[in-house]
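Same chain, two partners: chain A is paired with chain B first, then with chain C.
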Partner chain A sequence: MLRLTIFLILLSVFAPSSYAGEAAAVDFDTDIVPVLTKSGCNSGACHGAAAGRGEFHLSLYGSNPAFDYDSIVHRFKGRRVNLVDPENSLLLLKPTESLIHGGGARIELDDPAFNLLTAWIAKGAQRLQQRKLKSFEISPSHQVFESVGDKVTLQATAIFSNEDERTVTRWTVLTPEDDTAVQIDSETGEATVLRSGRHVVIARYLDRVVPIVFIVPLQARSIDFVDGPRTNFIDDHVYDLLATLKIPASPGADDATFLRRITLNLTGRLPAPRVALAFLDDKRTNKRQLLIDELLNSEEFNDYWTYEFAKLLRIRSQPLDKIGARTYHRWLREQIASATPYDEIAEDLLTSIGDSHTNGPANFYRTVGGPRALAEFVSELFLGSRLRCANCHDHPLDHWKQDDYHGLAAIFADVKAGRVVSIQSGGEVIHPRTGIAAVKRIPGERFLNDDAQGRESLAEWITTQHNPYFAKAIVNRLWKNMMGRGLIEPTDDLRSTNPATHPQLLEALAEDFIKHDYNLRHTLRTIANSAAYSRSEKSLPENATDDRFYSHSIVRPLEPEVLADAIADVTGVAMQFGEEPAGTRAITLFDPKISSPELDILGRCLREESCESQSTGTAGLPVLLHLLNGKLLNERIQSPESRLSRKIKENVSSEKIIREFYLLALSRLPTEGEQQFWAKEFGSIQEKQRVDLLQDFVWAMLTSQEFVTNH
Partner chain B sequence: MNKAPHSQSFAWANSCRLGLVPSLFIIVQFQFLFFPSAIDAAQPPITSITFSPDGNSVFAASQAGVAIYDWPGLTQQGKLELNFANIHDIQFSPDAQRLAIAGGDPGETGIVNVLNWQSRDTISLIRQHNDTVYSIAWMNDNQRIVSVSLDRQVLLYDHSSERTVQEFSGHSKGVTAVCLLADDSVLITAGVDQSLRVWELSTSKMIRTLNNHTAPVHDLQLRPNQDGLPMVASVSDDRTLRFWQPTIGRMVRFVKLDSIPLAIAWHPEKPIVAATTSSGIISIIDAETAEVLKQIKTDQQWLYALAVSPDGKWIVVQGANGLRRYRFSTE
Partner chain C sequence: MKKSNSQFTRCDGVSRRGIMRIGGLTALGLGMGDLLQSQRLCAEQPSASSVNPKSKRCILIWLDGGPSHLETFDLKANAPSEVRGPLRAISTKLPGVQISECLPETAKILDKFAIIRSMTSPLGEHNFGTHYLMTGYKPTPVLEYPTFGGVLAHLRTNSGVLPPHIAIPQFRVGGGNLSGGGYLPAQSRPFSVGGDPSKPNFEVRDLELAQGFDLTRLDRRRRYVQQLDKFRQLAGENGTGNTDLDRAVQLITSSDARDAFNLKDEPQKVRRSYGSKTVGQSCLLARRLIERGVSFVTVNQRGWDTHNDLYTRLKEGFTGAKKPVGLIPSLDLALSGLVNDLDERGLLDETLVVVMGEFGRTPKLNTQGGRDHWPRVFSVALAGGGIQKGQVIGASDSTGESPADRPVTPGDLAATIYMLLGIDTKLELKTADGRPVRLTHAESNVVQELVG
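Right, the complex of A and B next:
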């Protein structure tokens, strides 16, 4: 207190003008809330937490100024502001740590924030509501630097509803996604890049969050991609960023690698040896394009992409009811096989009702329980956006409000999802902020009239070509499936503050998708034909650290069901899935709950939650240990019915067996070095050891990274 | 509790808080000199209102201290000279000889000042709390006072000796309201932890927790002059006013209001309560049916305090300039 008193005396003598200036008119919503945000008071770790902290609760990042005003000025009989003796307000004593404060010192006594808060209280701590934020801009929002250590000063400008334009850099929170890559002076806005690469800084002011992208080349030497192979617009965009980052591209993949990659990507299976040999012998210059078209038109494509979309739609059996899931799965495969446009699929899913045993898409509303869960599911599926954050508070990193979340949920409140999915009026969703029924709302757009057909209106809005999310969300997922990483990651978290690595490419892919009638095969074909897709997975010394700019192909683990089918194909021992007919392939299963110890070991997604955020899969240590030591491989390799056992019985030579398994497992012939290695191995053993060595050889094939990954 | 342990200056400030007044006065004077706009402050909220024992005056407490108004004119007649501000409760002793004034500095000190009502001299100044005292209650012996504070403590002391006689531990968050049954056998407290706690005074033991409220409780008042089981009314952020029979642990009935009820006062004779709210409406509620009988719109919002005149005809609340009265009727 003494410190504070002395300061105030000095302030009154030496700095009257600044204090008086702050005292002119302080608006709570647009002057005080930014101070609270900048000081960290309303962050999730402090008073912005769901339950507040220290019996002081603020809305997260000031999303609800009315609530914050009441919390500060009215709660506990106005204990936090002292209108008689403003400097003695708890609101000042705590953050200056004049009183002990769990959050430490957040404001200094000579800080402009202190002066502003003091002036506001001295003026009566009124809310005023003089203006609203109309627009907020950061300059520059995209900056390419020459080298590490370069600096730029960011300037934040706010324009308010009363046309007042202000520089608000001091009150803007600038947060690097990686603070080891960018350092920011919070008062001046000066940013210093500390590492090469592409870095994102999030600027927050009031309810706006804006991304700032910094790019620092990886090397000084410029790279010219003018002569690089390019087949369509994808390559233009990928090369542009590689040139900016000065990252060289790896050469194209060889035919065998390309064949294996594209066959896995489009059909979820390994190419048959005869197909591999034919492709490798094919001398036509357009053989890759022909192969892509052939795969896109195959039944295997329909199976695999039904599997991919079944995961996305979380198709699974309900308790004591498998018929619905089977009907749903069958319907989905029909849509894939008949190349139904994706917008039509979405519309069918959103609007279908009826008997889920006979009407496949009606099962959509049985996927999750209740209107709120449906709102989350629909937003993540069709908008690629995590609306769920707006359940408890306005989304802290996006523009979604609580009204959007509960308004979307209200659209589904009338849906009754038993075996027969029906609409029964009278359902409602209580808005936690108001305590009354939420009004149906197209998120981010408009409230619906009470009599509006909510689901139909929603379906129309989602699938309109002007929807900013729908096309991007699906092409980003298709891109990830083909390229190993989404242009935006995670793929269900599209928002302005999580910008795409190649924003123009994402736009172009979405526009192209819409232009081609939401045709999934078209976009897959476009990606598959790009030079970026056919790049080698082998990195160069200069691009070895690149994991997102597509200078080389990204190696990724095979999906559990794909790996299971591949193991069965190579060993020649099929897996049994519950009571499904013998020979059923894992990717064709309609229900992830069908009994299969093998798929459980390999980490299949049970589709109870989103499979996109699942951290398990075939890349984990348990799967690796099972592959190395478990029965999954060993029993199959040693089985009398196995492909290897049959070859041995048929007295096929070791050399031929080796060649066949290389083609089966790796879609290529052994290299000269590999042939020599195995020749030496087999030449150094006695005949009675041959079977063991052959089994070891197959085991080595199936546990190799080359086999368990798509590369 | 809640003290900066590392700073000698803070210790000085706490122990010499009264000594700060002159320097703060200087600041105020400087503000007059340099910042004329800065002193255009709003009226601080009134946090407690009570009638004098003779019924001729009304006392209103706030961050500015205690102002005295005549009754029924409600013209400010003066101000009590106190050594502290942030007053939250004012209560006359049962024998009307003493006036206890409670408050203190948020996060620092809770103070109860007992004055001789005739001479206005301070009899005792009790600083047992580490946060503002929100509510007090006299015992019938005119010597002991119970105080509750946001420091979570419920303390009973002999005001003459300024010593704590009993402590009641149980609230997990700040305590905002207290009342005693007419025979002083049972104490009831309520607070931010959403609960009412019932304490046996003879043993200091908590005998009941009443936890129907779903948000912090702001006020608690015992129905006066009642036969049969004692009844108290409570109001909470959950927008409910609840009626309880604390000795048997029963919530009798409740009513949900349109805005947050902040304070309550019983009619001296009838089973009716008046509740002030955050929207500035005074709701008149029948305690036997929980029916809202009447709503009175005032010219203020966030009415933290009210008092009912001894004859039961008027309700006094904060007005645009000082206090304002409204007729306490159900019609």
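Right, the complex of A and C next:
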């Protein structure tokens, strides 16, 4: 310090006039840190790495200015700054490559970064701490363009605690998520759109990250949806964006398609042929609405949505203990069946303790091991947020700090999760930065200094209607289940820098969900009744590449358990699951470890980790080999007990059999063209050959895209 | 947790899902393609390239989890013990070049190899690192890039019925986020054989025709599925049909294809020369496959994420083993067996063999006798395929912490591999929505010393 003071005195005498001419004092925290970020010095690949780089260590993206100041001014024996001859400071010699620098040339001689750093050193390399960032804005943050090649100049404005307002575009890092879609001049902030569609650019300044959305229509011709079918607020929002993007919407789906789609979505089953025929014949104008209500009140709904939530909660047996999982699963089904509001379910899960064999929700704390893993699980499940980055450093793309991560983990430090889940005081989570026990904390909110009731406080905060994530996280998942894609993807990665495709729609759905007492059925009903839900999956030439704006229904593979049940239903030969009673359906299994070669082949989620991110259908070739040569389909089709074998024995005509399987598997009748095709195939054949052909027909039906997808 | 399991468990608990996900997003990214373009595009992919191919095909031996450079190809015999680690360095056929004591067979033929000791990357997470090493691109949230195998499968016309891109035993790499095909059509993804070739009853599951079943019916089934899919064409299929089904039928009907997987055809002497472990027999199978026209084989050796007790895991195999049977001795037999066998058959010059993982390991041993992730410097070994052999390229510093000389990025390596395989590094491939993407990053430079 003494040395610094002496230099300062010297400086005031000898400082070259050009530096002295700089107006205001240079503040380290708000002037210098942005230079380091903009020049890339403190990125994760360079000095911002956990171990620094080349012995020089900065905090990631300048999240800890005190640390950075110390690194630059004091460490390395103070040699990084040269107060007498600022331009000869290592801090400048390295990034200008006047000295060899592993990171190459980051700063040009005499560019604004160079001048600012020089001025700062010339004025004594002080930290000052004159002001803090109060707010940061980008203008425009949402821009609709007319066509590819259009430009806009982004302007970044920072307002500081001393009411100082500045344009900081030059020091804001502007990163397009896709640099082949948007090009940005990093000095002027001029952005050029290179492709049509919706693009996101992330702006970073100090500790703020802000998303900017650009929209470029797909074509020039205007489209309006004034006459398009609308049932509720969902349609207003979906049409709005389609109109902006100038994407036309496909017409509504026919009754048969709608029936199959909604029955699969709400009950995880194919509609029974009898129901299908009745529905197709029904002349009432509100028959779809009535069907939705009927399905929402069915036992099958309870089974299927218990399955969906069991995946989300990762319900599975523990080593040598199946009873806990069974109790948990039974409890969950009761909640679904009795329409327990979702906030109450969450509260029960977060606060229950006791014997996991008798108290279902107590199993929640047995899902993952250890307070840190619990913190990640809880935040991904209830907040749709990934805190994981904040384990090692403040989250680079979100506002979560290390304190939030370890503070949340500390809330679970007292949880002892064996068969009996209990609270035993004395547990702690060591904060890696301080080396001492982290203080319990409601993430992003407040420390719980003397709060023994950590889990209760957390549950209260998570389920309050003001919680910004809780309702959104779940309605986004319900939306994905119904529509084939989340408004935010991935569904466990909600953050401001990963904006929803339809932000206002997500807000509206969440508000509506809260207003209706966190009723899951209400939101599912609202989505099911929208015109957006009931659109045809058939695309128009102008909307064929749309996979996220809901101009047509999204085709998605059936979930493995749903597909297994559907195969069993159509063939009439049930599957045996471990030692579960005969006739058990795959979606009702309480444990994914229950043995089932069929479900293994179809790729079920074992719920050891999140099931939300698993890609399905990657194992295409091996599955097809099995369908062709393995037992899954062949045994079920050929068995004397099978539906097909019985029909053959009963001498039912080929035409009738074909019609029946169309109804069973596809919930529709064969078209004229299809009837003709099959009539020709089955025209002049022997009885013996007829069996082979029918078996091959059923096999092909169960392998066809129309069967293995919901569309 | 059972010990046998632990070596396949990821240290950071993010297996099958990354911090930032890349696999789930379509090539559409956050935008939408130029519609007019997309209709034409998928058809017009360039078929060949202007560069002379030095190698026709490639076997990638993937050391999944991140192999320690300090225990394999870049030992620091003179460093303090916490850096040096428990393994000794031995001399090799290349004067002055030493490698691990656990690689004695490889040491004898090191003149057939080139080693890069100055690989460097900023990505120390399994999925990220794997994406970077296998594609040459850092992962982005917008687009999953295709791996070398995916690109080769896409560009080369296949000679034979075998899938052009095969993984042995399976393609679960880097935590499992990578599909292998990236933004290319699904057929570019690797076919995983599934079984373990070192097991006596090894076979590719469901390759044999089901009982009481014949080719007429097989063909009829295929025809019926095609017909049904045509009757009700669902969005996104572009009428290309079910290519997996076509492939499956081809595989089942071709006796050549089934023979390829029959390791029992190999003389015992040959089988033994590769070592009895999974990685060895997988390399042997890889040789049989490339002989039959497969363009790219990934041999996936798992378990290199040695955060603890690396001595046992890398060398001994199990505590107190008389003869070391850990990861490195198994690799040694597999690698030397493969290179010698290819050489004897005259296939080495046109078959590129690459040995690598997603990153190296920390210079200092940790308190559990292991090393953690370290991408800043690590090593890659190459053989065959017309490379300039018998050289070491680049060097790490005295503690194996940073590149001391001639840093090579995974992007540079990718450009080099494509160059050796005769594919123009500036080639533009098209995503499903018609967007052109360069095969290698514009900032990648071919490692000229390797290409010669």
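Keep in mind that, in the parts below, the second predicted complex is superposed on the first by the 662 of 711 C-alpha atoms of A that agree within 3 Å, B and C clash if a C-alpha of one lies under 4 Å from a C-alpha of the other, contacts with A are read in each partner's own complex, and residues count from 1 in each chain.
By our rule, contacts are C-beta pairs under 8 Å (C-beta built on N, C-alpha and C of every residue); 3 or more make two chains touch, one makes a residue touch a chain.
All values derive from a computational prediction rather than experimental measurement.
Between chain B and chain C, which one contacts more residues of chain A in the superposed model?
The partner making contact with more of chain A's residues is C.
By the touch definition at the top of the document, which applies to A:S422: first (chain B), second (chain C), both, or neither?
In the superposition, A:S422 contacts neither chain B nor chain C.
Classify the contacts of A:H552 with the two partner chains as first (chain B alone), second (chain C alone), both, or neither.
second
Could you tell me if A:E674 is touching chain B, chain C, both of them or neither one (first, second, both, neither)?
After superposition on chain A, A:E674 lies in contact with chain C alone.
Once the structures are superposed on A, label A:S98 by its partner contacts, choosing first (chain B), second (chain C), both or neither.
First partner only, chain B.
Between chain B and chain C, whom does A:T351 touch in the aligned arrangement: first, second, both, or neither?
Neither partner.
Let me test your reading of the model: by the given contact rule, A:L693 touches which partner, first (chain B), second (chain C), both or neither?
In the superposed model, A:L693 contacts chain C only, not chain B.
Taking the superposition as given, does A:Q155 touch the first partner, chain B, the second, chain C, both, or neither?
Neither chain B nor chain C is touched by A:Q155.
Do chain B and chain C touch any of the same residues on chain A, and if so, which?
Of chain A, no residue contacts chain B in one complex and chain C in the other.
Which part of chain A faces chain B closely enough to touch in the complex?
1-3, 5, 8-9, 12-13, 16, 19-20, 23-24, 55, 70, 74, 76-80, 82-88, 90, 93-94, 97-100, 119, 122-126
Taking the touch rule as given, give the residues of chain B at its contact with chain A in the complex, in rising order.
Residues 2-5, 9-10, 12-14, 17, 20, 23-24, 26-27, 30-31, 33-35, 37-45, 47, 62-64, 85-86, 88, 105-108, 132, 134, 150, 173-174, 176, 192, 278, 302, 304.
State the interface residues of chain C toward chain A in the complex, per the touch definition above.
So the residues of chain C touching chain A come out as 13-17, 19, 21, 23-26, 28-35, 38, 122, 140-143, 163, 179, 186, 189, 191-192, 194, 204-210, 213, 217-218, 220-221, 224-225, 227-229, 231-232, 234-237, 242, 244-245, 247-249, 251-252, 376, 402, 433, 435, 437.
Note which residues of chain A are touching chain C in the complex, please.
On the chain A side, the touching residues are 44-46, 49, 53-54, 102, 177-178, 180-181, 195-200, 216, 218-219, 245, 373, 386, 388-389, 489-490, 493, 537-539, 541-542, 544-548, 552, 555, 609-610, 613-615, 618-626, 628-630, 634, 666, 671, 673-674, 677, 692-693, 696-697, 699-701, 703-706, 709, 711.
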